[in-house]
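Handing you this structure, nothing more for now.
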Amino acid sequence: MAILGGMIVDCAVYEHGKRRAGDLSLGQAGAACRSDGGFVWLGVVEPSAEEFESIAREFGLHELAVEDAIKAHQRPKVELFGDTLLVVVKTVTHPDADHGIGVGELLLFVNRDFIITVRHGEGELSSVRERVERRPDLLAHGPGVVLYAILDHVVDGYGDVAQTIDGEIQAVEREVFSAERTNPAEQIYKLEREVLDLYRAVAPLLEAVDEIGEGRFEAIPDELDDYFRDVHDHLQRVTGRVNAFRELLSSALQANLTQVSVRQNEDMRKISAWVAIAAVPTMVAGIYGMNFDHMPELHWRYGYFTVLSLIAAICLALYWRFKRVGWL
Amino acid sequence: MAILGGMIVDCAVYEHGKRRAGDLSLGQAGAACRSDGGFVWLGVVEPSAEEFESIAREFGLHELAVEDAIKAHQRPKVELFGDTLLVVVKTVTHPDADHGIGVGELLLFVNRDFIITVRHGEGELSSVRERVERRPDLLAHGPGVVLYAILDHVVDGYGDVAQTIDGEIQAVEREVFSAERTNPAEQIYKLEREVLDLYRAVAPLLEAVDEIGEGRFEAIPDELDDYFRDVHDHLQRVTGRVNAFRELLSSALQANLTQVSVRQNEDMRKISAWVAIAAVPTMVAGIYGMNFDHMPELHWRYGYFTVLSLIAAICLALYWRFKRVGWL
Amino acid sequence: MAILGGMIVDCAVYEHGKRRAGDLSLGQAGAACRSDGGFVWLGVVEPSAEEFESIAREFGLHELAVEDAIKAHQRPKVELFGDTLLVVVKTVTHPDADHGIGVGELLLFVNRDFIITVRHGEGELSSVRERVERRPDLLAHGPGVVLYAILDHVVDGYGDVAQTIDGEIQAVEREVFSAERTNPAEQIYKLEREVLDLYRAVAPLLEAVDEIGEGRFEAIPDELDDYFRDVHDHLQRVTGRVNAFRELLSSALQANLTQVSVRQNEDMRKISAWVAIAAVPTMVAGIYGMNFDHMPELHWRYGYFTVLSLIAAICLALYWRFKRVGWL
Amino acid sequence: MAILGGMIVDCAVYEHGKRRAGDLSLGQAGAACRSDGGFVWLGVVEPSAEEFESIAREFGLHELAVEDAIKAHQRPKVELFGDTLLVVVKTVTHPDADHGIGVGELLLFVNRDFIITVRHGEGELSSVRERVERRPDLLAHGPGVVLYAILDHVVDGYGDVAQTIDGEIQAVEREVFSAERTNPAEQIYKLEREVLDLYRAVAPLLEAVDEIGEGRFEAIPDELDDYFRDVHDHLQRVTGRVNAFRELLSSALQANLTQVSVRQNEDMRKISAWVAIAAVPTMVAGIYGMNFDHMPELHWRYGYFTVLSLIAAICLALYWRFKRVGWL
Amino acid sequence: MAILGGMIVDCAVYEHGKRRAGDLSLGQAGAACRSDGGFVWLGVVEPSAEEFESIAREFGLHELAVEDAIKAHQRPKVELFGDTLLVVVKTVTHPDADHGIGVGELLLFVNRDFIITVRHGEGELSSVRERVERRPDLLAHGPGVVLYAILDHVVDGYGDVAQTIDGEIQAVEREVFSAERTNPAEQIYKLEREVLDLYRAVAPLLEAVDEIGEGRFEAIPDELDDYFRDVHDHLQRVTGRVNAFRELLSSALQANLTQVSVRQNEDMRKISAWVAIAAVPTMVAGIYGMNFDHMPELHWRYGYFTVLSLIAAICLALYWRFKRVGWL
């Protein structure tokens, strides 16, 4: 792949749904997409301003679209510049509970003649390319199919992350209501952050995909409307789950506070019960420690042992009673 | 029913509102629905990819619709592929309070010529088939009537579950405000989960049924619009109840926290009252345990008994006072 | 009223705004409404399926509308079946604070030729009939006027209930912030339930009355639009109040929790202050109860009384100090 | 002003933007507004049913509008009866923090030929009349200008009240987070009530003024649209502030609960520290109060003073330590 | 710059995208904008009523627009007076965490022939002027470009402030969940106030910029629509973040309350553990301080030391146990 710059990961021409053999230089790609019949798919990763400038010149991209492509941190959206669509998508990964959500970004320039995919952060597209190249019947519809395949792939990723978060929420619920005295407030809060991150990737995209599926854009042939509506449908499922997550987490935070209060009360009662039991010997012993001249019990033969037994009996009675009412 | 595969539970042709006698093979069913006059109702349960593939070929179903039919966990929706409607519905059961809500799924392919019902999980339709076959006047309107009957049946199920949840909420309310020291935080939270599950089945369907009732789809004859609006109306009732449930449960969680706090305060005051009563003998006994040379009371004849009586009197006075202010 | 069945409470023909003398049988009423010039008002209470079946046949009501009329527990709505409007309204009463809100139901079938009022539960309409019969000028506009009069009556009832609830909320507010140590959490929760019940009666009706007031239905002559908009306006006022109630009650629940916490803290400090005061004699007495050979104070003439005075002095000083900082 | 009834506060004819000299009887006013060229401004305060009946007859007001004018407690709105607009506005005053918000009501009947202002409660309009009479250029546009001037005046009043409430909220915030142990829960709640009152005056008016500013009504000449949009703009500002108030107060209530909890914890730790310090002498003295035959320390020359010093030393050490960790 | 009044900071004529050399008097500027070809950019800072009156006369501004320009504290909006747009924008700065958000105001009068920028508070525009003058190709589109450049600059400022707040929120989160016993309730509340301030600057502007970007106004040439949609897009990003902030802060406040409760419980348990340990010597010593005639232990040779050891052993055992269960 010597003729491709470092930022270009793949560049191919597709004709009648099939990939033309061989690699292309940027200039050849630009020429190919101006000629009839096929379309170009150019894959770029984190380009510098100068690198992308040359692509923009070759393919005639709008100044503002170019600015978006270089600076990441765009909002998911679809926008039409001339006859080229710019679709911005967030990719989301969530490898394990410890690391939170990883958010990447894809910028897709789509036209009747080309699709340029610009990737920032994670979100490898080679698996999409492979899958799409196995369907020449679909590819024959042009670059819109690639857009569909990428969106489908990304939205599947959202579903996986939602699934992971679902598991995490169930784990945190178990912890909230477990007999063990854990306080998962911090985990709940972190989950809320994750869910918000996911929400901010999904919600604006919903609107964007809806616009595409309604057939508003010429770059997307009408035959694909069903496909984009399918993606929209999957997005709505994820959105529904995300909204449910938010409600659940908010309730979990409140329920957790209740559990913490209940446990505090249990601790307080347990402590108090022991204090009460301990107060008995002190009290009784205090009475027989008084220095009155006339205290008949003091002179009994087994007075001491009687009192010790009495103390033990009262303590045991209290213990048994506290056990019964659930304070111990 | 030898000629039907394992996944096909029933397959019948209806002509002029009446069921044609005898079972059909898939091929016969496909032929019947292509001929004039009648329509086919094919009932399928959890088909494998290959099994459903053959049905899809026979009836000309869209690739994406087929994918939906095999993978469960769709969102309730109505979608038009060519001239075939795909309606996805969640079935909901709630046998008892211990097991939470059971969610199944129905995918309904409806056309002027056939209705294919694909069931995942619970949601037996044989009772619907029986009821519908008793109304040949309605059945003569075509497969749309079957769609209506199934939706009506499913939505009735939502109403039953809402009723059950209503009872559970009232039980939990009684527990929150009961004199017994229970903490139903976990039950409230579980109810919130159930209500969310129900909400996620009901809310998207509302929109879908609204679309059907507005007569947008050719597969549904206009004579049935009133019927679908009736279903829509029942759905709205359930939605209204579900929204009320959410608000009530959120308040119940908060009220429960208050009750827990109030009880903690009551416990603290009760404990403190006993501690105060127990402090009296210790204090008094401590004083008469001092070793001063000149403590006249020590030498009184009945000093000891006087002090014991004094202690008892103070303790009883305190006890009576604490009772009166409600601390004991 | 011998010719009327038990469920029919009144049946009259109105011509040119005036009631025709004498009672009618169902058949006569049906005939009257098919003839020109006047209209029939038929009042029915909790009919059985068979009873209402005969009415439906006589007046040509739709199968689904009939089903609604027999089963109560409909949602407030307006629906058009053929050229007959079905309006469902909840009646609400709130006699006193102990019993919560009583909800009844009215189903009104309105046409150019008749109005059939079906009542479930409370919601006597005889006062409406009297009032309406005093306005022949309005009655000449047909059955729509009766619909208006009933809605006006029902919505006035909502306003009364809202007024009652307002008073209850103010009472509960006073209790929350009173110096007495009450915990009105349960009352607040019950008020939330009542407000929700009222909301569920009012909110769907708002939409329905709006539709009527916009003159969408032929059964309602345009001259009455102002009147229905007036009802709509009153409904909006009630809705506004209900929404304010919800917000207030939610805050009251939270404020109540704060008050409960504050009182708990006050109790804790009061208890602690007394514990501190009681600890003084115990501590001092303990010191003079030690058995050292050389404790000069023990041999003083007034040692005992000095120590007693000292204890009293310290306790009083503590008491005064705690009073000053507000712990006692 | 002998010819005016007690409820009529002012009645004038304006021609070419100027007030015609002299007072008018009701009949003269009615006649003047039916003649060409000028318009009548009639100011009425809390009329009785009979009093207003005569005005309604003279100016041809709608039955329902009249009912509104006599009963106060309407919702802010704009409604068209024939060619006469009825605008209902709430006036709001907030003289000082102790008395809460005072709500009055203005009902304005506006026509090409007259404006009738009916006032209930506070909301003097004489200053508006003076200001408006200084602008004959505007007055020449007819009664719509008076409507604008009144709305502008009322909305300025909302702004003033919002300003006062802002100050109160800031005061309450300072109290919530002050070192002093105040609990402003009741003030926060009262502020929420005030804000709700203001909201219920402002929010429905927003919609009404929007309708007027869009030029929907013939009674309002198009030249005034900019002016009404200006009023709408000010209303939006107030609404924005009111919404911010609601959010702030809700957070303040929650923050206050936290502060109360934190202070409770501080108190508990302070109390516990003193209890711990007091436990030392009791414990040590108890040991030397034991009656063993062989306790060498008891026979030391300075045993007693040594132990006293020991107790003092331990207590001081504890005190110093508790100071350091912030418990005292 | 002698010919410019104190409030005028810059005044220039642009022709074909280039600045005409030399300063202008107000009269010259007015004349220039009435002549063909170029446009005037007049920059004004906090003008007095009289100062702005002269500008308004020269450029023909509407009475109400002028009133807005003098009084600050407008709401962000776009409004059309005749053919002159008035755009009101809030500028926001947030230099450091201690001082909260600083809000200024810009009022922009835009026309085909001129743009007048009126600044209240912070929000220097000289950097915008420099940047815009470097793009004569854009400037040739007229004053709309200046409006775009200013909005772009202001919205970038919002993004910076959002970034700062994001950092502050993360700092506060760390504090909430840190092991140190801090209570950042006040900081959370202050952040909520800041976020609300930012929200009230951003949210109304969103709507205003949307209107501009839709090409509704003649003063803005269609070529600039893409640019305004780009600004709108950035505004949406900020709005999305602000909404996320609000949700996070609300959860943080709740989580903080939980943490405070958990710490209170920890303190209570620690205190109780020490109290329990201290109760042992008192209790045991009390027993051996009793004055019974027959207490064999008292006469043992090493009774005293045995008991002291026993006390120490029990205390150590308790200490070890409390350590193990995490109470100490």
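Should a chain be cited, it is by its letter among A, B, C, D and E, assigned in written order, with residues numbered from 1 in that chain.
The criterion applied here is as follows: a residue touches a chain if its C-beta (ideal position, glycine included) is under 8 Å from a C-beta of that chain, and two chains touch if they have at least 3 such contacts.
Please read all numbers here as calculations on a predicted model, not as lab measurements.
**Student:** Moving only from a chain to one it touches, give the least number of moves from chain A to chain D.
**Tutor:** Each step joins two touching chains, and the minimum needed here is 2.
**Student:** Common contacts of chain A and chain C?
**Tutor:** B
**Student:** What chains touch chain C and also chain E?
**Tutor:** D
**Student:** Hey, what angle do you get rotating chain B onto chain D on C-alpha, to the nearest 5 degrees?
**Tutor:** 145
**Student:** Give, as an integer number of Å, the spacing between the C-alpha centres of chain C and chain B.
**Tutor:** Chain centroid spacing, chain B to chain C, equals 26 Å.
**Student:** Approximately how many whole Å separate the CA-defined centres of chain B and chain E?
**Tutor:** Their C-alpha centroids are separated by 42 Å.
**Student:** What positions in chain A touch 2 or more of the other chains?
**Tutor:** Answer for chain A, listing residues that touch two or more other chains: 254, 257, 261, 264, 268, 275, 282, 286, 289-291, 295.
**Student:** Chain contact graph: line, ring, star, complete or other?
**Tutor:** Topology of touching chains reads as a ring, each chain with two neighbours.
**Student:** So in the complex, the part of chain C that touches chain B is made up of which residues?
**Tutor:** 62, 64, 73-75, 77, 79, 81, 183, 185-186, 188-189, 192-193, 196, 199-200, 204, 246, 249-250, 253-254, 256-257, 260-261, 263-264, 267-268, 271, 274-275, 278, 281-282, 285-286, 288-291, 295, 297-304, 307-308, 311
**Student:** Under the touch definition given earlier, write down the residues of chain E that touch chain A in their complex.
**Tutor:** 173, 176-177, 226-227, 229-230, 233, 236-237, 240, 244, 247-248, 251-252, 254-255, 257-259, 261-262, 264-265, 268-269, 272, 275-276, 279-280, 282-283, 286-287, 289-295
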